[in-house]
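Okay, so chain A shows up in both of these, paired with chain B first and chain C after.
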Partner chain A sequence: MSHGSKSVRTISAEGLARVEGEGSLRVRVHDGLVTDVALEIFEPPRYFEALLLGRHFSEAPDITARICGICPVAYQMSACLAMEDACGVDVGERISALRRLLYCGEWIQSHALHVYLLHAPDFLGCADAVELAERDASTVQRGLDLKRVGNMIIEAVGGRSIHPVNVRVGGFYRAPDPSAIARLFEPLRRARDAALATVSWVSGFEFPEVEGQYRFVALRSPGRYAIDDGRPGSSGGLDLSPAQFSDLVVEEHVERSTALQATLGGNDHYLTGPLARYALNASMLPDVAREAARAAGLGDVCVNPFKSIIVRAVELVFACDEALRLVEAYEPPAAPSVDVAPRASVGTGATEAPRGLLLHQYEIDAEGTILRARIVPPTSQNQLTIEDDLRRVVEGGLELDDDDLQWRCEQAVRNHDPCISCAAHFLDLSVVRS
Partner chain B sequence: MNAVVDARATLAVWKFASCDGCQLSLLDCEAELLALAGVVNIAHFTEMSRASVAGPYDISLVEGSITTPDDVERILEVRANSRMLISIGACATSGGIQALRNFARAGSYANVVYAHPEYLATLDESTPIAAHVRVDYELHGCPVDRSQLLEVLVATLVGRRPVITGHSVCQECKSRSTVCLLVSRSVPCLGPVTRAGCGALCPSLDRGCFGCFGPSESANVSSLAQRLRSLGTSDAELTRLLQTFNAAAPAFRDEAVRVASTAVTLDQSPRRAEGGDRS
Partner chain C sequence: MTRDDSPRVIVAGFGSADRGDDGVGPLVAARVATISSATRDVGPLSEPLDLLDYCDGVDLVVVVDAVRSNAKPGTVRVVEMNVEAGVDESEVDTLVDGVTSTHGIGLAGVLRLARAVGRAPTRLVVVGVEGEEFALGHELSPSVRAAVPEAVRLVLQLIAEVNVCA
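Entry: the complex of A and B
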């Protein structure tokens, strides 16, 4: 840890909490100016891109799910899309609809976890949700119940909530019985109400006045709010295929991080996730979610990163509503999966993990052996933008005492729900003032 | 074991190389979490709380495998600060999917992923917690089963042995009346040698067990391998089946090595001239 001269003021926290994974944060302030901000990621590397080499293409969904226990469905879905792209296979509407339902389950599970257990305690001055529950047990239980419904969907479609077992390249091992899907209807109706209550609850929080300058990147899919497919688009007007996007994204390995840091073309950092999706796709939200957003005071674009909690709550409304629609329309596919014959090719898949865009690209040979793997998780893409946010938050919060500034910084990181396990990864914070 | 001031036992949750999924199982106890927090003092759980109470702790749950020199030191501290240390999940009990590096040439993995491997401080092998410190109980699974996790916690709190069987997935299929995929349809299935606990989920979904709970007690993996071969499973498939999330668990590891050594001989015959999977 580098300390400056005599008047150095240091703030440090051994471990940023309520994020998934392990990293640290270092801020240097000189004469009231932030001179250096570094989000350091020390999650031990697990070398997924290497251990995939030589594996069979059919194994990618199960193996890459193990990158992240919070968003395994995202990994499974991006892996499936990439392999199906490589093999020139379209799984058809019914299998796609079932995948979207499964993915809605993960959005509900992950967003409820983040909003209630990881993020809301910051706004209410609590160390965690247990402390919050001592003041307001019914609200915390509402969040847990909402989370449960997300997991119920994943269990009904995927077999189990963490690392589902029913997903395969080409579709599913077994299509759920209509009765099992129908049983989700009532819990989902209650969950949608709980999600609406969540939007009003979080929109009443106090938010620091911060405006980020963001280059938003999210998938876009005609006629709907993109989750499980789409083309990467940006607030700067990009409209690319997943493969073109993969060509544009440059990842660098810097000394302070076991996560690679992504930019567009080597220069421009960007943000994926709820704020980006909302900015690019809000017009695709169903009425119930748009009205909730309007009532919560969100405009067409939200650039206050602290308000990402409202956007996440709006997405909870959307995911419940969308899941309800899919449950009502569910008809089992003729066969649970389509045959996927390997061919020598490169395939790319991109989907919207709860915390942002997740890109997979694989090169396989004619036997289906993986020759090359590339995985670009949301947190790698967001890392430089999070640092930019931190700089702004520290500059705007210099009047805070060290403890409060540290908390504010932690919160600024949690705004983006970083999944450090995904990006490779732990956070401990130190602010050096001189 | 009751203290004077706060009668609740203290619980700490630690993470090493892992996906966070096993500790998430604790937060996935949506119906029980607040009740649990009433009877134990969750003293250190970074994923859930920014507050941390200093040790020693009555119970430590440890997720993840040991893959860095720092973590070799850190697990010693965790052990020294814990009355009961329970390792949870495939990474903590066998080394996890990242233990595939144990079978690769040292350093070769880092070069594939990172431009500057010299920035990294990692070990050539991913090892389970019990390879470094005494472990009081191991709970298996990738991920662990939520109900089993609660059972282990409750049992430990009241000071009894957890009621968790070491038998195989086969018995769970029988008890839920799932028709045997291996016998009826020759689907490669690790059920006969895999620890029960998932409720035989995969066979109920027409999928062969892929061993995510690791080897059952006294698993006869060679015998199953022979049977699968006779049903037409290739050596490459067999190796892949054995080398996933519990690749370094001795029973799976040893059989995979045996298969590979046979495969070398077979590879030299014209029939197998194409070569096989290199996983």
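Entry: the complex of A and C
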């Protein structure tokens, strides 16, 4: 919607589509300069933290999984790691490998959803995935097949593809039968080929020339591309334990938002997610993913946020390849879970959700009752950086007419695949020019 | 892909038990699945897109969801989605209100998407229950709880129609 006069110009959109959650976006432009960018979020985001208080520590994975329909595994995994950290438990290699396989499934389904159905339509001038499918059914079918393979993994390991039920603190309720895991092999081989085709496809899109100045934050894990564990690191040289990182992250309310916005130490904006993971860990990618990245024209670091779609596609290749490796190596653990006895303590867990680093911290008492809960989702960490991106995009796109600028802004938000239901929930967009 | 072991009827409850009356869809679907052995409950779902994994080769998809349409709370409505000719999206988008995200593809869009890629079910019907309370942390309101048996009966009736026709 557009209103125009000589002094004031307003652009607004009723709902920013293809972003998970509810919120709104407002941009003010005065004499050609962007004076205010605000990503507004409306829903009380800390309901789940409050809900956890007084509950038993073993309930945290299932309760927090309900925060997000797209990335429940991430919530389960960070909750498990935090509780196991509090209780001084190591689940061992086989359970960890199974968790990593489950997490690969979530990365595959979430990245396929975002690349094909939410983000690609932006680059191809389609209003949405439906229009894209009506124009190019076979490509969308490829994306849906990829997404389905991700869901197959989650179902095989997690017991159900939507909101998995097989995860518990200490491991799993039941270890999957080897034959069930072996059945994933052929679909995953096809999925890896489809992921490679995805990289080729998206690298042919036209990208706006925008360069962000990012402070990247991602987990690092020795010898591998971090997903399910690791130490938070940054492009500025940070190397912290999850607990130290939790101490450094400051979350603050701003008037326009009911969600908390995170900074490092109260000042520094930062970015988590695919661009950050790639910048910090690209050398850990398997050859097949690194070669795909090179062929797509990616360097060691990508600072064009619009090219995050290529990075996500490269991560799809990685997740399929990693899942194949884990499937081939699968041996059921001796027991599906290890015993976890509660003790009065504080525990912190961090994993890489598809959208970025997801931190959980809990204080429990000797009976395992949760006394304090802190959940720092990727979107609240990325929110200030998304606003920085928007400022750059608007400043560089003032020559665009209202509709095109609105399109570009929405695209800029989707670059980071925000899941605002994790931070809170609807998105409207308005741009005011004066 | 057609799954050899797929049931011909699926019931999908949309919504979240954490959001008051939004939880009615999964509750009804779960009850139906305990009564009808020929039916697979694929919920609880939060995204219409997730239906795509289950629609291919299916004779009937019943979506059960909470509704906000200014009707009396607890009112149960059945809306037939026209798989071949398209659907009245405005009506359906208004009716099916339990989906908590704005990924931009509502149920009507997902059906169009399914048609475009050749994965549409033969029939898709929405059973909507008018809700009144959707706030986080609330349970089903009494009026919606009282409507659950009627919603279950209507879903079972739809399933029986498929079996009669088969």
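Assume the second predicted complex is superposed on the first by the 424 of 434 C-alpha atoms of A that agree within 3 Å, B and C clash if a C-alpha of one lies under 4 Å from a C-alpha of the other, contacts with A are read in each partner's own complex, and residues count from 1 in each chain.
As a convention for this text, contacts are C-beta pairs under 8 Å (C-beta built on N, C-alpha and C of every residue); 3 or more make two chains touch, one makes a residue touch a chain.
Keep in mind it's a predicted model, so treat the numbers as computed, not measured.
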| item | value |
| --- | --- |
| Overlay on chain A: chain C relative to chain B, clash or fit | clash |
| Partner chain(s) touched by A:A295 [first = chain B, second = chain C, both, neither] | neither |
| Which of chain B and chain C A:H253 touches, first, second, both or neither | first |
| Contact breadth on chain A, by residue count: chain C or chain B | B |
| First, second, both or neither for A:R66, with chain B first and chain C second | both |
| Which of chain B and chain C A:L117 touches, first, second, both or neither | both |
| Touched partner set for A:L53, first chain B, second chain C, both or neither | first |
| Which superposed partner A:A341 touches (first chain B, second chain C, both, neither) | neither |
| Region of chain B that runs into chain C when the structures are aligned on their shared chain, from 39-47, 183-191, 201-209 or 255-263 | 39-47 |
| Footprint overlap on chain A, where chain B in one structure and chain C in the other make contact | 15, 17-22, 43-44, 47, 51, 66, 69-70, 113, 117-118, 128-130, 133, 137, 140-141, 144-145, 147-148, 151, 161-163, 421, 426 |
| Of chain A, residues touching chain B in the complex | 13, 15, 17-22, 43-51, 53-56, 59, 62-63, 66-70, 72, 113, 117-118, 121, 127-131, 133, 137, 140-141, 144-145, 147-148, 151, 159-163, 165-166, 168, 172-174, 252-255, 258, 260, 336, 369, 407, 410, 419, 421, 426 |
| In the complex with chain A, residue positions of chain C that touch it | 1, 16-18, 42-47, 49-50, 52-53, 100-105, 109, 112-113, 116-119, 136-137 |
| Residue ranges of chain A in contact with chain C within the complex | 15-22, 43-44, 47, 51, 66, 69-70, 113, 117-118, 128-130, 133-134, 137, 140-141, 144-145, 147-148, 151, 161-163, 421, 425-427 |
| Chain A-facing residues of chain B, complex | 15-25, 27-28, 30-31, 33-34, 37, 42, 45-52, 67-68, 71, 96-98, 100-101, 104, 108-116, 119-120, 122, 126, 142-143, 198, 201-202, 204-207, 210, 212, 240, 244-245, 277-279 |
